[in-house]
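Next come two complexes built around chain A: one with chain B, the other with chain C.
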Partner chain A sequence: MNFRPKDIVPQLITVIAVVLIFGFFTYNAQINMENRGIDFGYGFLSQESSFDVQFSLIEYDGSHSYFRAYLVGLLNTILVSVIGIIIATILGVIVGVARLSPNYLINKFAAFYVEFFRNIPLLLQIFFWYFAALRALPLPQDAEAIFGIFFLTIKGLYVPAFIWQNFNVFFYSIVAAVIAIIVIRIHAKKVQESQGKQIPVFFISIGLIFILPLLSFLLGGVSLSFEVPVLKQLATTSFIYEGGVSLPPELIALTLSLSLYTATFIAECVRAGIQGVGKGQKEAAASIGLTPNQVLKLVIMPQALRIIIPPTTNQYLNLTKNSSLAAAIAYPDLVLVFAGTALMQTGKAIEIVSITMFTYLTLSISISILMNWYNKKIAIQEK
Partner chain B sequence: MFKYLKQLTSLVAMVAVLFTFTTESMAAKKSKTLKNTQKKGFVRCGVSQGLPGFSNADAAGNWTGVDVDVCRAVAAAVLGDANKVKFTPLSAKERFTALTSGEIDILSRNTTWTLSRDADIGLTFVGVNFYDGQGFMVRKSSGITSTSQFKNGISACTNIGTTTELNMRDFFNSKGISYEPVAFEKADEVVAAYDAGRCDTYTTDKSGLAAQRTKMKNPDEHIVLPETISKEPLGPVVRQGDAVWEDIVRWSLNTMIEAEEYGITSANADSMKTSDNPAIKRLVGAEGELGAAFGLDNDWSLRIIKQVGNYGESYKRNIADTGILPDRGPNQLWTKGGILYVPPAR
Partner chain C sequence: MSKVNFLKPDKANLNTFLYLGTFLFFISIFDVFLNSFFNVNLTGFLPNFLSFLLPLILGFIGLYFIRIEYSGIKNLDLLNKHINTNNFNAILSLLIIFVIIKSLPPILSWFVIDASFAGDTKDVCTGSGACWTYIKVWMRRFMYGMYPNAEQWRINLSFISLVLLGAVGYFATDRFKKYLTLYYVVIYPLIAFLFIFFFISGGPVFFDFSYGIIAAILSIIIGFFIPSKFRFYYFLIVPILLYIVLKYFIFFEEYIELGKLDGLNWVETGAWGGLSLTFIISFFCLIFCFPIGMAFALGRRSGFPLIRYISVGFIEFWRGVPLITVLFMSAVMFPMFLPEDFFIDKLVRAIIAISLFEAAYVAEVIRGGLQALPRGQYEAAKSLGMGYWKMHIFVILPQALKLVIPGIANTFLALVKDTPLIFVVGLLEIVGMLNLAKTNPKWLGFAMEGYVFAAIIFWIICYAMSKYSYNLEQKYKTDR
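So, the complex of A and B:
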C-alpha cells in the first residue's frame, strides 16, 4: 500500500498545528510562572494537608497528605455520581414508561414532572433542595423518629449502624449465591437450546440470593445488631444524634437534585426507545404465541435498549460532571476539597486544576467505555 | 583662562552625564505595573464579594470599605484621582490566581498575611491595614458564652480556601474536641446555612463575624464569643517582582496611618503645609522630595490625605459609624494604646 501526499499532508499539518499550539501555551505559562517566582511541581501532594473534611469514605484528617485529600474528594464525587445514576435510572425508566401509559392521570403527571424539572437550571434546584429543605427540617431535638430508628433533621439523616459478627461469612455466602446464579443461567441457556425447555431462572435466582445469606445467619454464626442513634445535648438549644450513621444534608440534597434533574432526560430517552420499536414487532411476536411478558422481555426491550443506551450514556456523563456543583452547598466533592481548599492552601493552581480535569476526563471516559461495551453487547448481532 | 574653560567644560559634561544618569534611573524606577496603570488610567484592584466595612458595593455599584480605601489611596497617589479604580470582586479561592496572573495589580481583600502565602506563591504582602483574629459566633439561645463550653460533635460553618479552615482544625485538635466542618465556597451561603440552623457555630475573622451578623435574619439572636483563636493580620498584597509598585502601595497605606498620627485630616491637609513640624510638612509635600523615589510628583501623599482621608477617618466612616466594630481595639495608633505603628515617612 503506498501513501499519496494528498492523504498525508493535511493530517501532518493538523498534528503540527496542535503540537505548536500546545507548545506555545506551555512555554508561555512556564515563562510567566518563572517571572513571577512560582514553582511548578507535584511534590505538594505528599505534604500534610492540615485541613479537615466533613464527610469522608476513607479514614482522613488534616494530618494526612494532600493526595489523601484528593482521594477523599474523588470518592465523594464517585459516591454521589453512583447513587445519583442508580436513582435517576430507576426513576427515569418508571417515568418514561408512565409517559406512555394509557391512564390519563399517570401520563399527564409524568409529562408535568419531566417538563418542570428539566427546564429549571440545576444549580437553582440544588440551592432549592438544600436551603428549602434546611429551613423545613426540624432541629435534632424536635425530630420525630421514623419507624423509631431513623431521624431526619437539619443536621442530617441519622440511620442505625449495622454491627456485624462474622461479616466475612455473610459476604462469602453472597459471593457463593452470585456464582450459583451465573452457573444456573448458563445451564438454563444450554437446556433451552438443546431441549427447548425453560427453567424459571428468575425465581431460582431470587431464592438463592435470599436463602444462602439466611443460612449464613443460621449456620455460619453471623449475627447482626443495630446501633440506634441517641440524642445528645451540646448546649441549651444545641443537640446532635450520637451513634449510628449520619448522612449529611448536603449529600442528600445533592443526590436528590441531581437524580430528579437527570431522571427527566433519561425518561425521555426511555420513551423514545420504546416508541422507536415498530408496532409490527409486537404484533408479530404475539402472533407466534409469546406471552405479553415475553414480548416485552424478548422482543421490545432488546430493540428499545439499542435506542435508549447511547443517549442515556450522555446523561450519566452529565450527572457525573454536574456533581461538581456540590461546591455551592458544601458537599466535599473533588472540586470543593481538592480544586477548592487544597488549591487555596498550596497555591498550586495549574497543577491542581490539571489533575482535576484529568480526573473528570478519566471518570467520564470510564463510564463511556463501560456503556459502549454494554451497547455493543445488546446490539443486534447480524449473523 | 583657557585652562579654566577646559575645566568648566569637563564640569558641564560631568553634570550632564550625572543628569542623564539620574533621569535614566528615574525612568527605570518607573515600574512596569506603574507604567501600565498610568497608561490605562485606572488602578486594577481585587476586593471581596461583599464584606461590609471592608469592601462592599452599594446598589449603585459604588465600593466602600477600609480595603477599598487602600486602592483609592494608590489611585490618588499615582493617577491623581481616588475614583480611578476598577474593582474586581473575587472569591477567596480566586484571589491569588487573579493577582499572579496579572488580572489585578493590588489585592485588597481582607487577606491574612502568612509565611507560606508570602514566600511560596509569588505574592508580596506590603503591610497590615487591619489586625484581626479568628472567633466564633453562636446563637444566644444556646447558652454558650465561651469556647470552653464546646462539646464533641459540634458542627462549624465556614468558608473554604481561607486560613480559617486551618486555624479551626488547630483549635479543635488542641482542645481534643471532635467537630464537623461544613465549608462553603461563598460567604453568603455560610451565613444562610448557619442562620438556618445547619451549624452550631460560625467561625471566621472576628471583623467578618461582626459584619456578617448584620446580614442575619435577626442579628440580636447571635453573639460573638470573646475568645480569639488566631492572629489574622489583614493587608494588601501585590505581585512579586515589581519592587517600586510594592513600595508605592506600602507607602500609600503608611501615609494614611502616619497622617492620623500627626493629626492631618482630609479637611485640614492644605492648611498643614505651613505647619512648623517638618514631619507634617513632608507628608503634605511642602518639604522634601519623597515622591521622586517612586517616580511620582511631590503632592502624591497630599492627594491621598485630601481625597481618601487618614486611616482614622477611613475606619470611622466604614467600620465604626456602620456599627460593625465601634471599638478600634488593636487597630488604634501605637500612641493611643493600639498596635498601628508605621515607619517614618522621610
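So, the complex of A and C:
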C-alpha cells in the first residue's frame, strides 16, 4: 500500500478545517459559559420541573422531573404525528386515486385540492385553522351534539370515553386475531405458489377480526360502556363539559392542517406510483385471464407499492418534523415543552437544544434505516 | 315506436331518453341552485329526508337515462365519457356539482357582496362579509413590516431594479449569452446584496466587507482581458492584492462618513418585515444554499472516505431535524458558540440557518442528478485527460443540473413556504405581521381576512413557481 500525497492532502485539510471550526465553537462556548456562570451538564433532567402542561398523555404535574416533561412533550409529538399520518394516508390515497379517475369532475376536484393545499405554507394553514376557523365554533353552552354524543366547541372536541371491563381479554383476542390472520396469509401464499389455488384470505381475515373480539365479549366477560360528556355550569356564563375525553383545539387544528397538507404530497406519490406501472403489465395480466380484481391485487399493487412507499415514508418523516410547528399555537409538543418552557426555566440552551435535535434525529434516522431495509426486501430481485 | 324499457336506455328510443334524462338532470340542478342562491325550497312539501335527497335521486335517474353508448351525438358522448361512465361516477359527479353550487353563494357573499372595502376605520365593517378595509389599512405593514413609511420607496426601488436586472437574460443577444452564467452566479447576487445592504438598510458603504466586494468585482472585470493561460494564477493572487491595496492605500477612514449615501437613514433589520422580508430571505437563502449544497453533493460522491463521511454526516444531520429547532439553535445556542464581543445580526443568523438547512436538501437533489448520469460521461471526460474540477465543471455538472431542475425548484418552493418560521427568531414577515395585527385592540376579530389574504399571496407565488419549474422541466426534456 503506497500513500500518495494527492490522496491524503485534501482529506487532511478538510478534517483540520472541521476540527478547527468545532474547536473554535467549543472553546467559545466554554468561555461564554464560564463568564455567565453556567455549568454544562445533564443533571437538571432529574430536578423538579415546577411548570404545568395543559395536555398530557401520562400523569404529569409541576412536581415531576424535567425528564418527565421531556417524555410528555415527546408523547404529544408522537400522538399528533400518528393521528396525522393515519388521516393523511387515507385522504392521500383517496385523492391520489381520484386524480387518475376517468371522471373529469372528480379528477379536477382532486387536482384542485392538491394544488390548493400544497401551495400554502403549512404554518399559515395551522394559524388559519386555529385562530380563524376554530374560533368561529360555538361556545360550550351553544354547541349542538353531533350524533348525540360528540360536542364540537370553541374549547375543543368532546368525545365519549370508553369504559372497559376486562380490557386485557379483549386486547388478547385482537392480538390472537392478528396472529391468526398473518398465519393464514402465509399459508395462503404457499398454497397459491405451489398449487395455484386461491384462498379467500380477505373474507377470512375480516371474519376473524370481528368474530374473535366478539367471542371475548360473549365468553370472556368483556363489557364496554360509554361515558357521554355532559354540560356543566361553573358560573353564570361559564360552562364546561364533564366526562368523556376532550381533545384541545390546538390538537385538532394541528392534526387537521398537518394531514390536509401532507395528504397532497401523499396523493402525488400514489398517483406517480400507479402511473409508474406499465400499461403492458395490466394488459398482460388481463390477457392471461386474471379478473380486474386479481389484476389490481396481484399485478398492479405490488409493483405500484414499490414505487409509492419510499417517497411516502419521506412524507411521514416530514409530517413528524413539521409537527414541531405546534409550538406556534402552543400545543405542548416536544419543542414547546422542552425547547420552550424548560429552556426558559433552566437556561441550559446547549443541552436542551441538542437533546431536542438528537431526538428528532433519532426518530428520522431510525425510520429511514427501517425503510432502507424494507426497500431492499421488496426490490426486484434480478438474476 | 317500439315499447320503451325504462330500465335499459337504448339507442332505439334515443330521443325519449334524452329529453327525459336531460329534463330530470336539469330539474335537480335547478332545485339545488334555487335552494342555495335564493333560499327557496321547491320540494319543501315533501318529508325532510326525501326533500334533501330528491335532487340527487332525480339527477341520478336523469344521468342514467342519458347514458347511451355511441349515441351519435358528439356532446352527449363526450359528457358520458367524462362524467357519466357508470352509476358510481354519476353520483360522484352530481355530488361535486351540488357542492360547487352550494358553496358558491356563501363564498361569494363573504368575499365580495357583503364585504366592506371603503373607509379606514373598523366601524365600516358591519356586514357579515369580509372586512377588506382591515387589509387596506394594514397593507403597508403587511408588505414592509415596521419599515418607516417615508422610506419605503427604497424597498420598492430596489425590488423593481432587481427584477429589471434579473430580466436581462431574456433580452441578451447571442453575443452576450455566454456571459449570462457568470452574470447570474456572481454579479447579480452581488448587485442584489449591495442594493439590500446599502439601499434598504442604509448601512455605511465602506466597511471591510465592501472592500472585498469591490476587489472581487474589479478583478473579475479585469479578468476578462487576461489570457486564459494565466487566468488561474491571476484569480489566485490579484483579488487579495487588490483588497489590500484598496483597504490600506486608497480608502481612508475619513471616507467612511462620506460613503454613507446621503439622506438615507439607517433602518435596523428588526424593523424589516412583511412580504418584502419574505422575498429578501428567500432570495439570499436561495443564493447561498445552492453552492453549499453542490459542494456537499460532490463531497458525498467523493473518492476520499473522510470527505465522504463528513458530507454524509452534514446532510443527514440537517435533513433529520425540523427547521424550527434549527432556528431555535440559531437564536439561543449559536450566540454561545461565538466570541463574546462578536455579534451577528439576527436576520443574518436566520439566513445562515435556513441556508444550511436547505443546502442539505439541495445536496440530495443534486446527488440524484449526479447518480443518474451514465458512467460513460465520467469515463469519456477522464479519457480526454480532464482533471476532477475540469471534468465536473464542463461535463458532469451542466448535465446533472439540467436533470435536477424540477427537484431544485421544489426545494426552493419549500424554502419560500418555510420562511414564515422565522418568527422563532423574532423576525416578522407577512404571517408574523398578521399575528401582530390580529392582536391590535383597535382591530380585533379579523384573523380570517388576514390569513385568507396571506394565503392568496403565497398561493400565487408558489403556484407560479411550480408551474414555471414544470415548464422548465418540459423544455429541458426535449433537449436530451
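In this text, the second predicted complex is superposed on the first by the 363 of 383 C-alpha atoms of A that agree within 3 Å, B and C clash if a C-alpha of one lies under 4 Å from a C-alpha of the other, contacts with A are read in each partner's own complex, and residues count from 1 in each chain.
FYI, contacts are C-beta pairs under 8 Å (C-beta built on N, C-alpha and C of every residue); 3 or more make two chains touch, one makes a residue touch a chain.
As the structure is a computational prediction, the values presented were derived from the model and not from experiment.
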Who does A:K377 touch here: chain B (first), chain C (second), both, or neither?
-> neither
Who does A:L343 touch here: chain B (first), chain C (second), both, or neither?
-> both
Figure out whether A:S364 sits in contact with chain B (first) or chain C (second), or with both, or with neither.
-> second
Applying the touch criterion given at the start, work out whether A:P10 contacts chain B, chain C, both or neither, answering first, second, both or neither.
-> second
When the two structures are overlaid on chain A, which partner does A:K297 contact: first (chain B), second (chain C), both, or neither?
-> neither
Regarding the shared-chain residue A:L124, is it in contact with chain B (first), chain C (second), both, or neither?
-> second
Of the two partner chains, chain B (first) and chain C (second), which one does A:K189 touch, if any: first, second, both, or neither?
-> neither
Considering only touches as defined above, state whether A:F116 meets chain B (first), chain C (second), both or neither.
-> second
Which partner, chain B or chain C, touches more chain A residues | C
For chain A, give the residues common to its interface with chain B and its interface with chain C.
-> 32-33, 35, 131, 135, 327-328, 343, 349
Interfacial residue positions of chain A with respect to chain B in the complex | 32-33, 35-39, 50-54, 62, 131, 134-135, 139, 154-155, 232, 234-238, 240, 242, 248-250, 327-330, 332, 336, 340-341, 343-347, 349
Chain B residues within the chain A interface of the complex | 92-93, 96-97, 100-101, 116-117, 120-122, 138-139, 141-144, 149-151, 153-155, 157, 160-162, 165-166, 168-169, 173, 179-186, 189, 192-193, 196-198, 200, 239-241
In the complex, chain A residues that touch chain C = 7, 10-11, 14-15, 18, 24-25, 28-29, 31-33, 35, 101-106, 109, 115-116, 118-125, 127-128, 131-133, 135-136, 321-322, 324-325, 327-328, 335, 339, 343, 349-350, 353-354, 356-357, 360-361, 363-365
Touching residues on chain C, where the partner in the complex is chain A = 81-83, 85, 89, 92-93, 96-97, 304-307, 310, 316-317, 319-325, 328-329, 332-333, 335-340, 416-421, 423-424, 431, 434-435, 438, 447-448, 451-452, 454-455, 458-459, 462-463, 466
